[in-house]
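Got a structure for you, written out below as structure tokens; questions coming shortly.
The chains carry the letters A, B, C and D, assigned in the order they are written, with residues numbered from 1 in each.
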Amino acid sequence: MSAPARDLGPIIGPGHTFETVTDKIAAVVLSETRKGWMLGFGISFVLLTIFLQCVAVLFVRGIGIWGINIPVGWGFDIINFVWWIGIGHAGTLISAILLLFRQTWRTSINRFAEAMTLFAVACAGLYPILHLGRPWLFYWLLPYPNAMGMWPNFRSPLMWDVFAVSTYATVSALFWFVGLIPDLATLRDRSTSKVGRIIYGILAMGWRGSARHWNRYETAYLLLAGLSTPLVVSVHSVVSFDFAVGIIPGWHATIFPPYFVAGAIYAGFAMVLTLTIPLRRYYGLEDFITMRHINYMARVMLATGLVVAYGYMMEIFMAWYSGNPYESFMVKNRLTGPYKTLYAALILTNVIIPQLLWFQRVRTNIPLLFAVAMSINVGMWLERYVIIVVSLHRDFLPSSWGMYAGTIFDYGTFIGTIGLFLTLLFLFIRLLPMISIFEMRTLLPEAKVKEKHA
Amino acid sequence: MTARVPVYGLMAEFADVNHLIEAIRKLRQMGYRRMDAFTPFPVEEVWEELGVHRNMVSFLVFCGGLAGCLFGIGLQYWTSVIDYPINVGGRPLFSVPAFVPITFECTVLFAALTAVLGMLALNGLPAPYHPVFNVPRFALASRDRFFLCVESTDPLFDREGTRRVLESLSPVSVAEVPD
Amino acid sequence: MSSAMDDRSRLMLPADHPLFRVRPLALGAGAIGLAVSLAGALIDTTQFFQSYLFGFLFWFGIAMGSLALLMIYHVTGGAWGSVIRRSLESAVRTIPVLAVLFIPVVVGLQSLYEWADAAKVAHDPLLQHKSVYLNVPFFIGRAVLYFVVWTLLAVFLSRWSEAQENGEPRAIGWLENLSRGGLVALGLTFTFAAVDWAMSLEPHWYSTLYGVLVMGGCLLSAMAFMIQVTALLTKNGPLSGVVQPMQFHDLGKLMFAFVMLWAYFSLSQLLIIWSGNLPEETPWYLKRMSGGWEYLGLCLILFHFALPFVILLSRDIKRNARLIATVALFILCVRVLEVYWLITPAFSPHHARVHWLDVTAWLGVGGVWLWAFTGGLRGRALIVWNDPSLPAAGGHA
Amino acid sequence: MSQIFHRSANALARATIFGAVFILGVLGYGAMLLNRSGYVTGAHVAIEQPVPFSHKHHANELGIDCRYCHTSVEVSHVAGIPPTKTCMNCHSQIWADSPTLEPVRASFRTDQSIPWIKVHDLPDFVYFDHSIHVAKGIGCASCHGRIDQMNLTWQENSLQMEWCLNCHRHPETFVRPKGEVFNMAYKVSSRTQETLGPRLVAEYDVHKEQLTNCSICHR
């Protein structure tokens, strides 16, 4: 009711009832496996095996197989970590903030976006662990009474990262699962196979739609949304602290937290669009994920993209305004140094091309929008490359200058995590309803209770 | 209905949420109290008719958040000041600004866990078995139908009488729920 | 939409409404405040300009926050905006008045800003480096540009809003498009205004977050002010029965969000500078954490963040017009302290102090501003009847 | 048809949840205990040596001073494993044809060291210096235990960092008068130690706040 009714089309196609909504969404899970799905899953799985091979070599030979060295001690590992975790921001954001502000258009995309969040966070979380050198000792990061008599340094942003990312993963999973419970009950009741009924039955935990249960459920769900909103902001802020708290020129900027958060939402929405555009077509879900959704997502991208551009601009202005020679050199090096092509590509893909989104005609043109989203996916990756590599490769002392390039294992791991992400996503689409069925029911006209009260 | 097996209650099925609300209102007027409605999506009006308004979840979550906040501060204070005091870059042992992020994360984590676990516990879940599932048509409660169950523990409950009342409320069907 | 809503005259503010009755009072307070401050200027010119800048920036912040909120509303819609949009518009229409009120700052440049003092610049290579940007003609030129941009936005936002009310169907689209571009323009101009007017008080210091941080505060000021005004208009005014607890809930949520946003920006800046511990950055905080200013800082943590945060968690308080208005008034008071904490340590780095001119100048600017603001509420229906995101009257409580 | 689970499933579900929490707790606690036990640290496990050398016999019953064999303990970071020559000082005279001591004689004949097995083996990333500990009043027995009571030698303590820090954080609870360093049976009441400890720490110029610097042990 609070979305502006400005001729953007409906948020659910006409002619749907409780039955059709339920059956159509549940059918994606309960029907036979389709060939296209098999193909997609197969390709993803092949990519996943690349990841496994790269990790196997890493375990045997150590992180020397990567391109990192002094002075660029952080490379693809942290670039991809930030890239993935940024992508993982749209899901919870869509779910939480839009729920709090009663933006009903979220309903069609939130489940899918939340799943995307979880898988992206899983991919992100792998990188710092792999970078540990001895990944099997990852539990040393946690505060537990160990035989070394030591505790982690809680003043370190890397420690904040551990807490932020693990809290984020946990809360996102809870949020996602709580949203799934009523739909799992639907699948339990709709499934025709005994195994399916038992498995969905266990997962649904005996949900029966009791009014008393719904009452507490709604409270808990809203509270989770309320908690997730600042959490999302905190997570990418903490990621930005990984850089900003240090004193490397190009990292140490107070604008980093909000600018990273905006970048994360930007990247996240781009990825949601990248994935929904083909999916809605393949599964014929155009009635549920309408042009209005796509349009809204494009607008959010435009807004957050402008914030990111603002961040770039402030960095350059303040580098000059500060009068600090290291800051000025950092900007000069970005613009004219050995990585200037990357910086130019970043500005092109992340700032210039997305300006197309100002036009309604672009926002409603699916192929063009898809292209813009892809451009942003690339652009946000380049942004992290520029921030990390270009800031590190010129140390304070010219004697410690160096260059960086990823090795085949860097690229393999990156492609491999894309495989992991897609594999999980394909499994999710096949096994769980990708649109929240019970919330879609509430959008139907027949769900409205008549105003008359006795 | 010859064999007198114990019953959990009587279950009426409605095709429309307004009929359900109407039925609850009538039964409440007649004095029935022990009943529960089952809907395929949350309907605020239904639980209001049933007399369910507030719940404990918010309060629990507040307590959980507070506990998480204290845990976060306590953990960092105890480890950094008492158990393992060490000079890190000249910062004070109790570095207040630096301890904010983890305190915040702990607050959110505890509050979220309380929200989910508290909601499930108060709802008595997981409970894979429940008598209402004995009604075959109850599978539609997760699709498009609205159910109302009058429990046999209600003082006014009477197998035949209550059944007649329910049948007068334009349900799709009325069924006994075996216990 | 009920037929009563079409009755536009019923939605106008009656001439005997308290908001109008305080108008002469506000103007009087403003005139006296400014007169006394000017008299004080004869005693201590420097102090006058310093106090005046503080007073000006506080009230200016409400107008700027309102401009941002109004344009955000035109872009996103939402019932929260429909019920405060008239008040936002009248706050925005005070921008020309603020432009006039800015003149004393220009007059006092030499007293206020180190970089405007040629003698100091001559001995400071850093200020020489910055003099390309921080010099008197360019400063004035930029200020003129900012006010032109904001005034143009204010003019068209008002004009097209009137057109919408008069049934121009395209007006909504105009407003939306204007606001999109307007938000970008505001983002840029406001950032540089914040750098020029406040950050350059300490010209050696810099922070890329500063513009955003100040904007966060302005949004909070504006939202608190609007809740206060809306509560007044609802209690015994034309909005009673129109603004439902639901809308107060939304406004309260936004205020809550802005409280957290302010805390978030403030903490981000502090944490990064505190951890970096660089000599060119820390002095700004060292000034504000010693000499008595630290108590004001502590007050901000407690009353600008902690207390409102805990209070605004409650759904019942947010839905109760009287209670939420009380909280809003409290937040407005703490906002005054925050602006004081941002500005004044630049002038008095070693010890905290309040000068009586701080009070009179604040009152002077405030009186004039409130007079201009309430004037803007005259002669218009407080709800735009054909607003697409208008809450349905008589909805659930 | 829609009832999928038996009545008992509810109890089972609860038992599973609480059971899982309980089992995880027990496993965690167990792992903590195991990590500190002799299985992991090797503490209290008597080590078979090429020659069954008894500290109890030599140090206690015969009263030979530690420094007779471990000659460098006061001046070097290592206490020193005695050369075969030290053994032969006596064993060329007594038990000169004991078959048990044949490896000792063989070593002496062939000039090949006896392959003693190291009992206290610190990781390579730890720098440990005997001389400073001895010089600052840490008794042999504080780390090695009552070695004069051991037939076959074992490692008395865990040698985990936690154990090292226990003393580096509170040296005043372990420090003793320099004259008592090699006294295996030295013992004072905790009351005495409370006054004696801080006095000795000050006297020996031990800077407590430096003792937990990382580079004190990890250089």
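Convention: a contact is a pair of C-beta atoms (placed from the backbone, for glycine too) under 8 Å apart; a residue touches a chain by one contact, two chains touch by 3 or more.
The shown structure was predicted, so the numbers you read here are calculated from the model rather than taken from an experiment.
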| item | value |
| --- | --- |
| Central chain (distance from its CA mean to the mean of all protein CA atoms) | A |
| Chain pair with more C-beta contacts, B-C versus A-B | A-B |
| Whole-Å separation of chain centres (CA-atom averages), subunit A against subunit B | 30 |
| Cα-centroid distance, subunit B relative to subunit C, in whole angstrom | 44 |
| Between subunit B and subunit D, centroid-to-centroid distance (C-alpha), Å | 58 |
| Distance between chain centroids, defined by C-alpha means - subunit C, subunit D (Å) | 69 |
| Multi-partner residues of subunit A (each touching 2 or more other chains) | 149-150, 155, 157, 188-189, 201, 205-206, 230, 237, 241 |
| Per-residue overlap in subunit B, given as positions that touch at least 2 other chains | 89, 98, 101, 126-129, 133, 138-139 |
| Subunit C: positions in contact with at least two other chains | 271, 275, 277 |
| Interchain contacts, given as pairs of chains that touch | A-B, A-C, A-D, B-C, B-D |
| Contacting residues of subunit B [partner subunit C, same complex] | 62, 89-90, 97-98, 100-101 |
| Interfacial residue positions of subunit D with respect to subunit A in the complex | 2, 4-5, 10, 13, 32, 35-36, 158, 160-166 |
| Partner subunit A, residues of subunit C touching it in the complex | 76-80, 126, 129-130, 133, 172-173, 176, 180, 184, 187-188, 191, 195, 206-212, 250, 253, 260, 264-265, 268-269, 271-273, 275-278, 280, 388-389, 391-392 |
| Complex interface listing, subunit B residues touching subunit A | 16-18, 21, 25, 36-47, 50, 52, 55-58, 61, 65, 75-76, 79-80, 83-84, 88-89, 91, 95, 98-99, 101-102, 104-106, 108-109, 111-113, 115-116, 118-120, 122-123, 125-130, 132-133, 138-144, 147 |
| Subunit C to subunit B touching residues, read off their complex | 267, 270-271, 274-275, 277, 313 |
